[in-house]
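Some structures are shown below for you to check.
There are two complexes below, and they share chain A, which is joined by chain B in the first and by chain C in the second.
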Partner chain A sequence: MEPISTSKLFLEASAVFTGFSKTELKATGMLQSYHNTILKNTNKEDIDYFFIDLNQLLTDPKQDAKSIKHILTTQFMPISAYGSLAQNMIILWYTGNWGNDVISSASYIQGLMWDTIHAHPPGAKQPGYGSWSDLPLSVKQSTVKSSPNGK
Partner chain B sequence: MENNNNNYDVVIVGSGIAGSIVAKLLTNAGKKVLMLEAGLAAGIAMDQEANYKNYQDYLSTFYNASAKVPNSPYPNIKDAPSIDVLDIKKTPSTEGYLVQMGPIAFASDCTRAPGGTTLHWLGTTLRMLPNDFKMKSKYGVAVDWPIKYEDMNRYYEMAENEIGVSGNVKDQNYPIEQKSVFNKDYVYPMKVIPISYLDKVMTDIIDKNSKIILNDKAYKLYCISTPQGRNSIPNYDYDINGVAWNPGTKKLDITRNRFKEGYNPVGSNWDPYTGQRCEGNASCVPICPVQAKYNALKTLRKCDMGNLSVKTQAVASKLLINETSNWINGVEYKTYIKGSSPEYETHTAKATIYVMAASAIENAKLLLASGAANSSDQVGRNLMDHMTVLRWGLAKEPLYPYRGPGSTTNIPTFRDGEFRKDHAAWILPLDNWGWAWPTFSPGSDVTTAVSEGIFGKELRDRIENRVTRQFFTHFECEQTPDPNNRVTINPEYKDNIGNYRPVIHYNATEYMLKAFEASGVVSEQFFDQCGIEDFTEYNPQDPDYVTYKGKGYSFAGAGHIVGTHRMGFNKQDSVVDSDMRTWDHENLFLVGCGNMPTLGTSNPTLTMSALTFKAAEAILKQLEQ
Partner chain C sequence: MENNFFQKNNPNRQKLIKPLTDLDTPQEIANSIALDSLTDSDIPQEIANSIALEGNIPQLKDLPLQFKMSQKDVKNYIKDLKHLQACLRTALQLELSTIPPYLCGLYTIKDGSNVEAAALIRSVVVEEMLHMVLVSNILNAITDPKSIKKGEKLFNVKDIIPNYPTFLPGDIHPEVPPGAPPFKVHLLKFSKEALEEFSTIERPSDPNAPITKTFDSIGQFYEAIRYGLLRINKKTPGGIFKGDPKRQITPEHYYGSGGKITKVTNYEEAEEAIGEIVGQGEGIDGTIVTDHVMFGENIEYAHYFKFQEISYGRMYSANDTNFQMPVRSVPTGRPFTVSWSSVYNMKANPKMKDYKNNPELLQKAIEFNKVYVTLLNNINDAVSGDPDLLIKGIAVMYDLKYKAIELLNIPLGNGECAGPTFEYVEL
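Showing the complex of A and B:
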């Protein structure tokens, strides 16, 4: 087995599994910290195979979006796959937690779930006096761009 | 008088809102006060830098806590433990500070730290309603207060000034006979906190709904804005400047501005320019990062510091009673060094008058441990809370919760009415924080979806779609006094430094169970009319699961710990008189929610603070006799 650099692939994998763009993920400033978190808490063999197999899948010209999604669902998402790395990685990005533990103040504050629901982490990134009285800014902006879920 | 000579006019136990109001009024009237506070010294730092640093420590502890419960930012000290909701288990249970004998668990907590429980309160500041003070004569239930609403009015105005309430008096339309409970032309110190987007959507829907039927009677649900102790825009029609002792009339005077200058919002304790307005952190419980929300340290800072001595890490353990005069001779307290080791020193604090402000359960426990104030056998009895039935569901449209203060609107329809003869009244706040309370959302939504194998864009869409539609409300049911719901002590149960742990007996009477049942009938129609899909689930494994007529309900605590040393008409029926002086000991006053004979449907702290002004007035009068 060839040792591979997981750090570049980690960003790629994170985008695939979270549904957030690489730019959005980088903007959290958490990339390095989360990469370290998974290295520290996941069995080395699971990590290596996870990234090798994922890399192969994503670079395989024979695959299309539909088949990739199918393989991700059946081969990567089950808790039995690669020490539950995919599930743990998603929860880490969305909540800032590894299992029940909060990684850091920053990880709590950068949890993606808050952006997802057009809110902010309680106790941080406060949007200012009276902001709660109106539609969230992110929803208003998406209305302007008339995105499908704009209200 | 010498400060270092044990020569104090008054010893106050506890630096929560009750203790701090007394300390502020007394020191500003020139009285020498010693305050004993069980919490850590760091929490009381008055200089900007240390104060800021300590508060940032609280905030960072909160960020890093996996269960973000009310006490999560604050240190739980072994030598002065706090009651904590994480310790609530099926009874009997000895987990945590309380010993819970059951049959069901008391479900609320409080904080032992300088500033007390207002550090993590939500800040809702509704007044009680006139009929709440006469439940016995009006509805044949519970007891009457020895004070009428009309007597409370001026003290309510003092308390609203101290806390800094934002609200709109004109919105305050209650289901009562009186047109208004406020003095003519009265306005709150600050304008109403903007109601949430969710409130607007829901109010529109609720206004259009038809009436709800409960026990063959029709009720119209309606929404009003909720007054609250957090900073908004000053109201320039507000002319109250403060409260001052008038040695001539022996009364507290409300002092007024001659010109309409409006109220000055009180900012954070480390910087007056921080927290001038609520900034929408949506974390008021357990911690407001900018201190736009009131906490008791804001009151404590307004003491005349030359007249105030504070001893922290000083846990009161016993009152000393003079056997001939029956006067209180001193407070015995234990000082710990580290907070975690069983080492301590014992001291005695002496003064002319003693004020217990350690919150309802601790006050009662200390009285029991001292054999004090209990000739009526009422000490520790009538423990109450708002027994809170949670209801949650999904709306058809996004409501965009998780933004703004915890609650900005309430449905007051069931706060008063003839039905109180049969079952408890309740207030129904609309909550702004989705299902965070009942299901630990949105984290739990993520873990559930992921465990179902959902990922990527689909996951993002699903969380957005569901969580933005979360609607949550809770029925805060007024628990009535029952002598068997009580705090006791038992030498078998002591804490790390040999102080008694409170032993609790607690149950829900049929009057409460009927209210739970009624809450189900109301919420079913309410959700249905609003097009909200009900997701409420009560699990028999919940620590506070009860059944009534074949149906199960789980209730939670509201943090409203009330009634353990009730006020009454005479020495036989109560622990304190209407000045909150104990009937048994002329120089011992009790302050805090323990005095309240009944609870009403408002969160208790505003009423308790109003009573505390009344107590301080009586203490000053007694000192100057």
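Showing the complex of A and C:
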């Protein structure tokens, strides 16, 4: 079978690791940049095995969505696996940082942590003067919408 | 970009609109006589000839939609107070219908590129929202509070949202090149086509255009409203300005308005409000600036000319004038960079139904539309007796942009990306 591109594999794993949907991750506009970040900054052996194993898992006809998620969380997420790549990816998506470095001004703005806590990146996305006295819009609306990813 | 030229306290403030006159120009009268013998369904001889010569079959699109309404018809267009109120509701829809296309043009510009173009479009959007508020002020001013049922809003959000591509509300049909289909407003990415569309929306009426039964510009539609206000106010004992002043939006409810919000409690103030709307849209009497302008004074050009600036990638200079009609004015000022490629490749006229096979994307589109409807509800509440609420809409406006950018980041797999659909959803 044709191997899945590493960019697609990265998206699949990121969705499971972060709890955000693939569409929400794409909507940040950061997919390409973060994919490049892990390729550039991760030990070659770790990243190669990460993608080989991930490709094998996702192309295995015996696996379904549930078992894939189980294997990802038990075998890919431990700190000891792939040089803590899963931990680094989660921090990357949530904060826009790799280690202590901010990837870019866009990554700071697009950190998932802001949405998660219904807040805005200070200095970058204005919520408008006095808006802090009101419930965030996303909270107001969450009373009427289902939240499949616990967001 | 903020101008002080249009502000009330500026002694050089130019008259924004022409005084109402009874007279058609000699050219208009000549054209009117020529067409007088025709009925609505007739094709003018000129066009019939060209059809015969070129062997074309007459079709609706060949009909003279580009012709404008006669001054006489404009003057008598509005029948009574009810019709006047209905026309002002149409004007509200008209102002709203321009906002989503301008926002699509603005949002699809990638961060950091087309800085001047983005600033120009943004300033136009802000003024279109201002126009919605001004129209609401006029409508509230001529609405007797006793006639308002408890809890009734000024407009219906579900009904006012246009379905793109859409004709301009109010039977306004701007001139299109010969053979082109009648003008409709589309939601487009920042592009030459989009700028062409924006300019057509805001283009001034051509004083020499032959006459027909439809309006040829937004300005002509507002002229009919001005005549209606004047005539019906005069013939109604006690006048029609019986509205509750507490329903008026005033400058303190709308920050960043630059003093352009006009409270409306009488005919003169209504004229002034329409002056702001029409003057900002298409410019005043064929000029883009007046000779009062001092070197270095900031001028806020009418929307039509702002869009011309982007199309030509050049600002107007203080000496540019536009006395020839139809408008052929080319800006000669400072050049700036316009990049048609640093743009999100948004699919034209996106719809929620386009996303039905991708539930996660559909959810994103619904979230955007919820914010859009929330924003319109907020404006509706503010103009329906709760003016203090208007300022709370600002947080919603920011959110609208962020949600739109999220959609634009999602590729559709054919080289295009998703986009905001500006459709009604239940909250």
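One rule holds in what follows: the second predicted complex is superposed on the first by the 127 of 151 C-alpha atoms of A that agree within 3 Å, B and C clash if a C-alpha of one lies under 4 Å from a C-alpha of the other, contacts with A are read in each partner's own complex, and residues count from 1 in each chain.
In this section, a contact is a pair of C-beta atoms (placed from the backbone, for glycine too) under 8 Å apart; a residue touches a chain by one contact, two chains touch by 3 or more.
The structure presented is a predicted model; accordingly, all values stated were derived computationally and were not measured.
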item	value
Fit or clash - chain C, chain B, common chain A	fit
First, second, both or neither for A:59, with chain B first and chain C second	neither
Touched partner set for A:137, first chain B, second chain C, both or neither	second
Dominant toucher of chain A (residue count), chain B or chain C	B
Chain B versus chain C as contact partner of A:118, first or second or both or neither	first
From chain A, separation angle of chain B and chain C (C-alpha centres, steps of 10 degrees)	70
Which of chain B and chain C A:127 touches, first, second, both or neither	both
Chain B versus chain C as contact partner of A:27, first or second or both or neither	second
Contacts of A:100 with chain B and chain C, given as first, second, both or neither	first
Which of chain B and chain C A:73 touches, first, second, both or neither	first
Partner chain in contact with A:17 - chain B first, chain C second, else both or neither	first
Nearest Cα pair across chain B and chain C, whole Å	7
Chain B and chain C contact sites that coincide on chain A, given as residue numbers	126-131, 134
Footprint of chain B on chain A - complex, ascending	16-20, 69, 72-73, 77-79, 86-87, 90-91, 94-95, 97, 100-102, 104-105, 108-109, 113-114, 116-120, 122-124, 126-136, 139, 149, 151
Touch list for chain C against partner chain A, complex	111, 358, 360-361, 363-364, 367, 370-371, 374, 391-392, 394-399, 402, 405-407, 409-411, 427
Residues of chain B that touch chain A when the two form their complex	59-60, 62-66, 68, 194-197, 200, 232, 277-283, 287, 289-290, 397-398, 400-405, 408, 432-433, 442-443, 445-447, 450-451, 453, 455-461, 463-465, 467-468
In the complex, chain A residues that touch chain C	21-24, 26-29, 106, 125-131, 134, 137, 141, 144-145
